[in-house]
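Have a look at these structures, which come just after this line.
Note that chain A is present in both complexes that follow, paired respectively with chain B and with chain C.
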Partner chain A sequence: MPMVQPKSLKYRKLGTHIAICAFLCLIIFPLLMVIAISFRTGNFSVGDIIPRNPTLDHWRLALGISVENADGSITPPPFPVLTWLWNSIKVAGISAVLIVVLSTTSAYAFARMKFKGKSTILSGMLIFQMFPSVLALVAFYAFFNMIGDFIPWLGLNTHGGLILAYLGGIALHVWTIKGYFETIDPALEESAAIDGATPWQAFRLILLPLSVPILAVVFILAFIGIITEVPMASVLVQDIDKMTLAVGSQQYFYPQNLLWGDFAAAAVLSGFPITIVFLLAQRWLVGGLTAGGVKG
Partner chain B sequence: MAEVILNNVRKNYDPAIHQDTLRDINLNIANGEFIVFVGPSGCGKSTLLRMIAGLEDITSGELKIGGNYMNDVPPVDRNVGMVFQSYALYPHMDLRENMNFGLKLKKLDKKTIDERVDHASDILGLTPLLDRKPKELSGGQRQRVAIGRCIVQQPSVFLFDEPLSNLDAALRVKMRIEIAKLHKELNSTIIYVTHDQVEAMTLADKIVVLSPLNPDAPTNLEQFGEPLELYHNPANKFVAGFIGSPKMNFLAGELVEKGDKTSRIRLYTGDEIVAAVDTSSAQVGDKVELGCRPEHLVEVGHAHADCQITGTVQVTEHLGSESYVYMDVDGNDFTFKARPEFPAEAGQELKVGLPTDACYLFDKDGVAFPRTAKYNKD
Partner chain C sequence: MGVSTTSGLMQGKYAWLKLLLITAIVALNGYAIIMMYASGEYAFALLNLVIVASGVYVFTSKRAYAHRYIYPGMAGMVMFIIFPLLYTVGIAFTNYSGTNLLTLERVERMHLARTYTAQGGTFDFAMLESGEGKYVLQLVQDDKVLVSSPLSPISNSELSARKQTLESSEVKLSHVEQKPELEVAQIRAITQNRQFLNSLVLVTPEGDELVMSGLRKFAAQAPLFTKLDKDRVLQDSGVVIPGGSALRNNQTGELMMPNMETGFYQYIDGNAEFVGNRVTPGFTVNIGWKNFERVVKDDGIKKPFVQIFIWTVIFAGCSVAFTLAIGMVLACVIQWEELKGRAIYRVLLILPYAVPAFISILVFKGLFNQNFGEINALLNAWFGIKPDWFTDPTLAKTMILIVNTWLGYPYMMILCMGLLKSIPEDLYEASAMDGAGPIKNFFNITVPLLMKPLTPLLIASFAFNFNNFVLIQLLTSGGPDIIGATTPAGTTDLLVSYTYRIAFEGSGTQDFGLASAIATMIFLVVGAIALFNLRLTNANKSV
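Right, the complex of A and B next:
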């Protein structure tokens, strides 16, 4: 910035940097701890940040490889961690795609169409979302139990049911996308309508290509939210091999035997899909897509 | 090519509130005419255009384009093209895609599409820019693309919604001339919305003056006619005040002598004016309002200085080619367009001459009395 700055700015900058670094350490420390635990011999939650006798045993077990102990006995992997990881990716991926589809279309309706009770429904959706879904878990259980009697693949203990449950939480995403749509000049779609586009064509050919950044954001948020979600998944899915990683990794905690090391390896593993999805989606997070369309 | 007919068209956005936006609009627009809707903001001129385009529904009344009843026909089947105030170019498509978007939707064959796009970009001088995205263009170029997108559709009616209001003054004049040329070239019906009365006067074959709807008024269509007709014989005070720049001066007074050729008015300022208007329908003693255009006023002593108006000079603007003297006449703003370097000091008392033939007169409801002469300064 070619602007004249007061001298004190230098010290303020330095102070800000120190504060930021301290804050970053605070954030990164837990992650380092978990990584350290996953490489530590034995299942201990306390110890050095850099393990004294690093071992890959926890990681072997997490990746489904048996470990031969020093005394010659063999420890089989206690849980199907890779299956859980795949379950998580599958459920979160499908749910996030469906959430984007559902919230985009409903956001379009709320942003562009006129109908009775629009504002009531909009605020109603938010208010319902305020109610913690954890408190309704009993109801969810009963509900999916009943659905399962008619449509087995949407019932309890199925991924279909879990995905359906996650689709209920789109109110915030609808609001987010609606806000973005409202920044796009409706004249673009009107112009498309005069050019001969149906409302669906105007939505798909004009509005959607311009909304890619917000769709990427919603996809990432939904994906992360579901990967890390525990309460709903733990109630709706009971079979060990159908669990998601977030639920399954709690299986390591027997009251009399806390498998901290194995848990840590599984926990770090669960961070990978989120990171990969974020890296992939990042290229869509670009600004300036709507530049030049309207005004001068 | 088509004519556009509006019969008793009314628009009410919210029937719960009994406030119409447009009421009882009757227009008969002939094939090939350049029509300008003009009025202050909030008068419903854009709404009326959007109703013709099919972007707003018509509450009641009838719209015909090319003889066909169009009230319930979707925009695409009305065969209209529209240029939006904001241009509304598709930002993610290059110019060629912007222009052929509609043609592709209509599933025309590629050769026809390319021919039409090339022809349009040729007319508008856009050929070297066809591969660019809208954000790489200047305001005037974007405006031309928006027009080009219209041309390729070969619509029977072109609709322009304040197309020049986002351009700077110099570019606006240039584009105005280009649009006038385009109309000659295409020879199609154009309906053009603007709040700028200079655009209206220069472009239009006929002007439609709209006013914000007064709840009790039967209509907000104030006048429909040729530009000079509106200038010389405005139907009412609203049109008189809207058409002409700078604005017409108005002074209230009383009719003291009526007549079918000339009438005598005593202004509340005390000045007495003889005006060439037919007041045979009025009564002596009626409250009236005198109108006179700044450009028709003359210096005292001029051959046409038939009557005089006295006021106090507030500001003088010297534009080089002319001067504007802004005066206060008994509490009313009053503008006098004077010769270059006209000497007038702020605070000084000034008398200006008013030609009898240059007077306009309105009754207490603002309706104009017929003028009996046309003023010629020379």
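Right, the complex of A and C next:
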């Protein structure tokens, strides 16, 4: 901070507070609006931020409970939101664990071992992960069609296949973990090696326990990345019951049948946990987000 | 040492297990590779071979010990990033599409399986109730009467469950002098068991095969095509048709051959020239650079392609510029130590980044809705306007940029906050001594010092937005449409979403070949950006 402080500092502070608050209102308006809409009666009505006749109908539908209307008719839940949420968590959880395993062992070799083609593979990884998988979806479709002929539970329209498809995206995570490994003193493993430990034992018993924080970061990053992934999931999975949340929630927006209120409740229900996890973990995530780029 | 002796013993114990495992893997995959090769899937056979061979080498050779650690990750990357990339480039040179989906072998098999009703082979059909839910099938032609033994029909649901394994099942018929004295079942019995009846092949004592041809008819079926195994000389011109490729239509006697230019079977005339219409389904053939030529020459593709390319660059550039401008200013404000409540501001400002993008994009889609959206409701109340966010191209593009700035500025803010810490305090002190205000400081010190470390990240962000498929797909799906385009194309489409729609959304005309050709062109652009970025970072690092 400058030692010399102008007299206008007080006004400047006030001005900044007002500006930030105004900006925040603009930014947070859509999010508050969705929460409000989820409590509003009906799917189309336009209303105030605080709904006049608050109702839990949209929330009941989102949670899979049928709603009885005033005229006695019964509205069944339009979509299996909880099934989608569970599918998303299952696919993202399993993929993220596998991604952590794959990238940790790779990162160990890159950080500690010397072998042919190491730097080429490292830069190659960075280049290849920039190619968007959307463009290769035809290939993915053909690939899983083929695998399905040999191993049905890894074919098209299966969660196994979807999980497998996500395992390619490890490049950035390898870089992140490798960067972390390099901050740990190799003397620890060297002394273990002197005591007769194999490289695998040094890795598993010494380095891994020290690296739990970064592994958690990579897990969360991979988890969030997969939960929000749309194109792959929308091509590989077709059944409504097998969809992930990111694909399924588009179903609310068919032009002739916009279920605005129902969507709002489903969005808040499913978006809330992910948002909270992200906010809680953000301090550690920030490092992980920028590491790949900065160290590249 | 205890540890080392046990591990030594373990290695001995594991040796045979490892050998067994490797043998099993090699045997299984060898089988799979041969199967793939046999069915014409050379790319997959090669991929499998490369993965398995390198895996076996890495896990058996002492010299490749370090590679054992990277093998699983690298195998994943080869299978799910590099292979799809190469495969896509390969498809770009074929006519692979919704109409030309299958291999030539499969199409030939499909044609050979086609049948036609042979002359004089139609029988009147009835189901007779023989009690206990069983039926006797009765077929009558003139005064010939054929019956089956009593059958119990398989229900539709069970039938579809068994469809994978169930080929058509054969039922033997036998001659009888008179129609059996059983009650004729109502027509409903036939309609209810239609699927079951369709799966039957009835065999007459003479060996003719009959299948259902109408609700009350069974007919003798003969294959429509026969393959010519030997070379054949055309009588009119003396042209020789090589055996093994031409098919003869048994109904009309015409010959047809696969046209390797168009990817369809076509009938030929006396000079072995293709004359007839294309016979669907088509098969996949190599067509060289034709897909690329279409992008350059065909106006229905070239115009939208150029328009979309320009918009993609503008979109990516503007996205980076707007998010950077907002993010950098906010980062400076948040880092200002005199300001109270910075922690709360920080969390609230990051909120758009914390909410999953697919949810916030869909939220905006609803809020911007022309008739029911809250944004138009507010604009209408305040200014009396209701902009057409989704049908006017300029407004749609504006909306996309607004939404993307909302989504993207927290990332830039986070990046800038990290980098701001590395700017030495005394620079600001010195400039404050000279009487510079915060705005002057921002443009003269902060911006120039941040730009250098930010550049690679900005390029990465440009590349990300260049391919920001999810935003476009969820918000506008590319609309409003470009007029005069022969493929699905919209004014807000980015190159990626344009490619996706060519491949997956054209109803019946899914053109995978063309989509892959455009994808290949995007790969080149992305590859160039990536290489440039890598150079830049390496240069930065060495300075």
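Methods note: the second predicted complex is superposed on the first by the 239 of 296 C-alpha atoms of A that agree within 3 Å, B and C clash if a C-alpha of one lies under 4 Å from a C-alpha of the other, contacts with A are read in each partner's own complex, and residues count from 1 in each chain.
Operating definition for what follows: a residue touches a chain if its C-beta (ideal position, glycine included) is under 8 Å from a C-beta of that chain, and two chains touch if they have at least 3 such contacts.
Computed from a prediction, not measured in an experiment: that's the story for all the values here.
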| item | value |
| --- | --- |
| Which of chain B and chain C A:P231 touches, first, second, both or neither | second |
| Contacts of A:V97 with chain B and chain C, given as first, second, both or neither | neither |
| Touching partner for A:Q201 - first (chain B), second (chain C), both, neither | both |
| First, second, both or neither for A:L154, with chain B first and chain C second | neither |
| Chain A: partner with more touched residues, chain B or chain C | C |
| Touched partner set for A:I274, first chain B, second chain C, both or neither | second |
| Contacts of A:L167 with chain B and chain C, given as first, second, both or neither | second |
| Contacts of A:A187 with chain B and chain C, given as first, second, both or neither | first |
| Contacts of A:L56 with chain B and chain C, given as first, second, both or neither | neither |
| Common interface positions of chain A, toward chain B and toward chain C | 195-197, 201, 289-290, 293-294, 296 |
| Residue numbers on chain C that touch chain A, as the complex places them | 1, 3-4, 7, 32, 35-36, 41, 44, 65-67, 69-70, 72-74, 76-77, 79-85, 87-88, 91, 96, 330, 333, 336-339, 341, 345, 347-360, 362-367, 369, 372, 374, 377, 406, 411, 414-415, 418, 425, 428-429, 432-433, 438, 453, 456-457, 460, 463, 467, 469-470, 473-474, 496, 499-500, 503-504, 512, 515-516, 519, 522-523, 526-527, 529-531, 533-534, 537 |
| Chain C-facing residues of chain A, complex | 1-4, 9, 12-13, 16-17, 20, 23-24, 27-28, 30-31, 33-34, 37, 44, 46, 101-103, 105-106, 108-110, 113-115, 121, 123, 125-140, 142-143, 146, 150, 164-171, 174, 195-199, 201, 203, 224, 227-228, 230-231, 235, 245-246, 249-250, 252-253, 258, 260, 263-264, 267, 270-271, 274-275, 278-279, 282, 286, 289-290, 293-294, 296 |
| Residue ranges of chain B touching chain A (in the complex, touch as defined) | 53-55, 74-76, 80-82, 84-92, 101-102, 105-106, 133-139, 142, 149, 153, 166-167 |
| Residues of chain A touching chain B in the complex | 185, 187-188, 190-197, 201, 205-206, 209-210, 288-296 |
